[in-house]
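Let me begin by presenting the structure, written as structure tokens, before commenting on it.
Chain lettering (A, B and C) follows the sequence in which the chains are written, and residue indices restart at 1 in each chain.
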Amino acid sequence: MARVRLSGLHKHYGALHAVRGIDLDIPEGEFTVIVGPSGCGKSTLLRTVAGLEEADEGAIEIDGEVVNDLAPRDRNIAMVFQNYALYPYMTVFENIAFGLRARKFPKPEINKRVQEAAELLDITEQLVRYPRQLSGGQRQRVAIGRAIVRDARLFLFDEPLSNLDAQLREEMRAEIKRLHQDLGKTMIYVTHDQVEAMTLADRIVLLRDGLIEQQGAPLDLFERPETRFVAGFLGSPTMNFVPATLEASDGGLAVRFAEGTTLPLPPTRAQAVRSRAGSAVTLGVRAEHMSRANDAGTREGLAPLNVTIDLVQPTGSRTYATFNLADTAVSAELQAHDVRGPGEKMALLVDMNRIVLLDPETDRVL
Amino acid sequence: MSVAVASGGGFGRWADRRFKYLLILPAVLILLLVGVFPFINILIVSFQDISLIFEDRSFHGLLNYKRLFTEARLWQAILHTVIFTLVALPLELVFGLLMALLFLEPIRGRQVFLALLIIPTVISPIVAGATWRLMFDNQFGPINQILGWAAGEPVPIIWIVQKGFVWPAILIAEIWQWTPFMFLLLLAALSNVDKSQVEAAQIDGASNLRIFFRIVLPAIKPVLAIVLLIRALDLFRLFDVVWALTQGGPGTRTETLSTYAYVQGFQQFETSYTSAIAFVVVVLLSIVVVLALRRVEIAR
Amino acid sequence: MKKTALFTALGSATALLLAASAPAGAQSAADRAVEAAKQFAGTTLNITWEAGLQANDPLNFSGPRWEELTGIKINVVEVPINELFTKTLAEHRASTGAFDLLNVVPAWIPDLAEAGALEPLDDFIDKHGYREELADIAPVYRDNQMAYRGTIYGLPDDGDVLIMYYRKDLFGDAAHQAAFKGQFGYDLAPPDTWAQFKDITQYFTENRPHDGFYGSAMIRSPGLIHYYFEERFRVEGGEFFDAETMKATINSDIGVGVVEGWIAEHEFMPPGAEAWGPIEVLNAWLAGDLAIMGWWPPPGRWSAGYGDFEILSFVPESKVAGKVGYALPPGGAPQLAAGFSLAVSSDSKNKEAAYLFAQWLNSREVSLERVQLPFALRDPFRTSHFESPEYQNLWPDAKDYLATLQAGAETGLLDLSIRNTFAYEESLTRAITAAFGGDDAKEALDRAAEEWDRITDRVGVEEQKRAYGDWIAKPNAYPN
């Protein structure tokens, strides 16, 4: 178990400034997911922590010890690679035992640990096989087995599930989460998949262009994004962003769209943005925060919106209905049978408590 | 093709099934022509008695093969060849490998270094030999010059004559010329080793030595085997450098199988005898190659 | 004695022929060759020539002129000297007819003639009236390098002989003369014996006029060293074989003495000289770093600075012009190392044209021009060359030079020429280089002698005995 602290971390690749000053504090036992689009520097950051890359500037501390000058093998960490990085000329047993042998563990201890890890990961029968004889999921398990068999103080995952198909990915995701619960180790997990980030993380660190855009608990980030980038990155489907103006109405505030439609802000939300009255804003609203108006009446904060559906995408339990608002395609997540088809006119309710308002200049949440 | 099958019936179907064989037929014929025909010719000539003096094409049985076994000079040449191979090959391998490992790291000016390093292998062996003859010149050669600076007094080694120096001279030239070949192929092989496996092993706590022997070496083993085989065969035919430096001398001290065969075949005109040597060498080397390739296959 | 007999025989034959068949008008052999060759105008003759400098003669001088005169094109096939024999024999065995005229080293004539590769030339010689001019070729070449078992196969075309060059300025220096006599008790002069040679080289090494100067350097490289062995061995009284049993006797005390003598002399030669070839020796000589050295005739011309041709750029500028004396080597019987004869290929489709070109090249007038070409390496081989006023005036000492060559052409020793001579030479060479490399000279020569016996066995003792008998019957096989 380890506490990890990064301060002022920089990494260049020639002209490319991949990591541009990261400060990050990861408490013991926390599952931290570093997420961001490709090229944001998340893998580089992880590799720098592992010692596979040298930091150009800044310090990496593990348990209070600066490890910048320690070789990877001396950092007592474990890492799972995107392509598994199994040793092709060794059996599964030898793969898992490799680290133990390298660290001169006694033979019986090695056998015991490998057996335990194999049981935990349900790959006992594969121990005598070679990696090329395994399925993708089994390979991933071996890679994880190789990481957990040593009592490393820190676990690093570099997009470990991205080579798996969707179903397997979900399975393994759950397994990794359980593993964390069982082992209670500090884990840093890098992914570009916001679903993985949301589901696995104790804390998400969202990286953009080599800098931390925002960090915090998953729901915190999901519900209280600070920037348009965070708001757009987390959640599926992506948040809808619609240009609008904020105007005063009936003593309160309302969001007004180009075609004249308005959505009143509940007083609780209005308070914070009163000073922006009359200026342009971007409305951010998630698909699941819109629903079809029905007879059940309305509760506070739900604002009606009349739309014409022009695209319908059923997924089974829910259906995504796309309509046009202020020249922007907006997608709403409706009950499966709430919509019949394109061209249907209907009234939607927008949950104004959950929307975000952004400054279109800075893309920061107001 | 399928049209031909539909309409042509018998022949079309036959041709269709045999098409792949028809495609490789020209290549096979050419191989037979350039490979098997000379081989058979050598075999025939080796049972005749053709030399500078006689041109007797009648069957002489094992005459020349018997001579093979009584000619001490031949066996000495074979011994020399084997020793050259056993010394040069590991050194070339080690140097080539070390250089290749060095070049895996990003180095400034890597391309330039690479181009410079490959020069020895690019130039013709006979030119390389001539160059080394100048290098080893006892009066004007840079080798003695440099040794002289190091020793603080003139170094009078006559490399291509003196006992104890002729072999090192040839080995140095040979290794200089062919290490880059090893280096290039091994660099290519090493570049293809999955880097993440090495990183995984580093994180697993393996020492660099362990990583090399357990991870890298198995990965480059097929290339390694082929490179070693190619170089071993080359070394077994070692000729140019020896010829340029010592012509097998002094006496027969550096005579290799190839220089011996050259002297016998092209200077003494012992055609039949040389054919017998050639035949035995071809058979022996073929066996070595087949065995070696089989081992590589098994290792895969 | 025998020599004189043969000469007389040739002479009288020539006289008879001249009387019988000389055409009207006092045409020279060269003119006759040109006239007769005109009927073959338009054909092309393929001729082998040693690659390198040698080939400049037919390429740049004689070939173009012959074509102008006769309309016969000359295609020169340049072959390195060490491949010339095998190439010639291989083409003959394959009956390719690739060559019409051949450059052959005279010692090869027995092997090539036995193999049927050479066309007998007597009929052509008679037909085109060449006997008289043949008689003008210096005796040692004419009597030894032309015929095999009574049949003429080659026209001797190159007066190769290994003479000594010495620095007459140093040898004539009064201080050196006095010092030398004081140390060794006799006058400083070109050596008569190899013991004197060693004294002289010792003296000049120890009393060097400048740094980097040594007493001597001699050609020691494989492929040539055997010539020097053959010469010194015979001069000191050695014989190659027991003529009765055909057992090799090169490992006699005399043979061992030759090799050990050399090793001792290396002390007074530049470091590494035991591996020196002609070029190294020549360079040191022309640079003025040697008191005495041995070579073929060309350095006589190059030392004098004669022939400042661009083509000779590999020859360093001479620093010894005017300081060179010429002498026969100790014993006075120089090796006629290599040399060339012109022979007609038996596979040629243009034998007569090929012969005519050879006669023209070899003729008195044309050959005199050729041996004066500074770049072509053909050396004087006719009495008329040695006595040519033109040649004698090419540089101040040219007269002495030609006199030395002429003397060599009287006493010169033939290269060993029996069956399979290469094998013997190669074995001998290995023994010598092994001794240079540190092996015991006696043991090395014992091994070589054993190898010689085995080579003899393979050839057939009787066959070889006959060939050796033919060879020693020649006047210059052993010193008289």
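Note that in this section a residue touches a chain if its C-beta (ideal position, glycine included) is under 8 Å from a C-beta of that chain, and two chains touch if they have at least 3 such contacts.
The model shown is predicted, which means the values in this text are computed figures rather than measured ones.
The minimum number of touch steps linking chain A to chain C comes to 2. When every chain is represented by the mean of its C-alpha atoms, the one lying closest to the mean of all protein C-alpha atoms is B. Taking each chain's centre as the average of its CA atoms, chain A and chain C sit 93 Å apart.
Per-chain Cα centroids separate chain A from chain B by 57 Å. Averaged Cα coordinates give chain B a centre that lies 40 Å from the centre of chain C. In chain A, no residue reaches two or more other chains under the touch definition. Interface residues of chain B, counted against chain A in their complex, comprise 194, 196-197, 199-207, 210, 214-215, 218-219.
On the chain C side of its complex with chain B, the touching residues are 82-83, 86, 89, 93, 111, 114-115, 222, 270-272, 274-275, 419-420, 422-423, 426, 430-431, 433-439, 444, 458-459, 463.
Residues of chain B that touch chain C in their complex: 51-53, 55, 137-139, 156, 158, 160-163, 166, 247-253, 263, 266-269. Residues of chain A that touch chain B in their complex: 50-52, 71-73, 75, 77-79, 81-83, 85-90, 98-99, 102-103, 146, 150.
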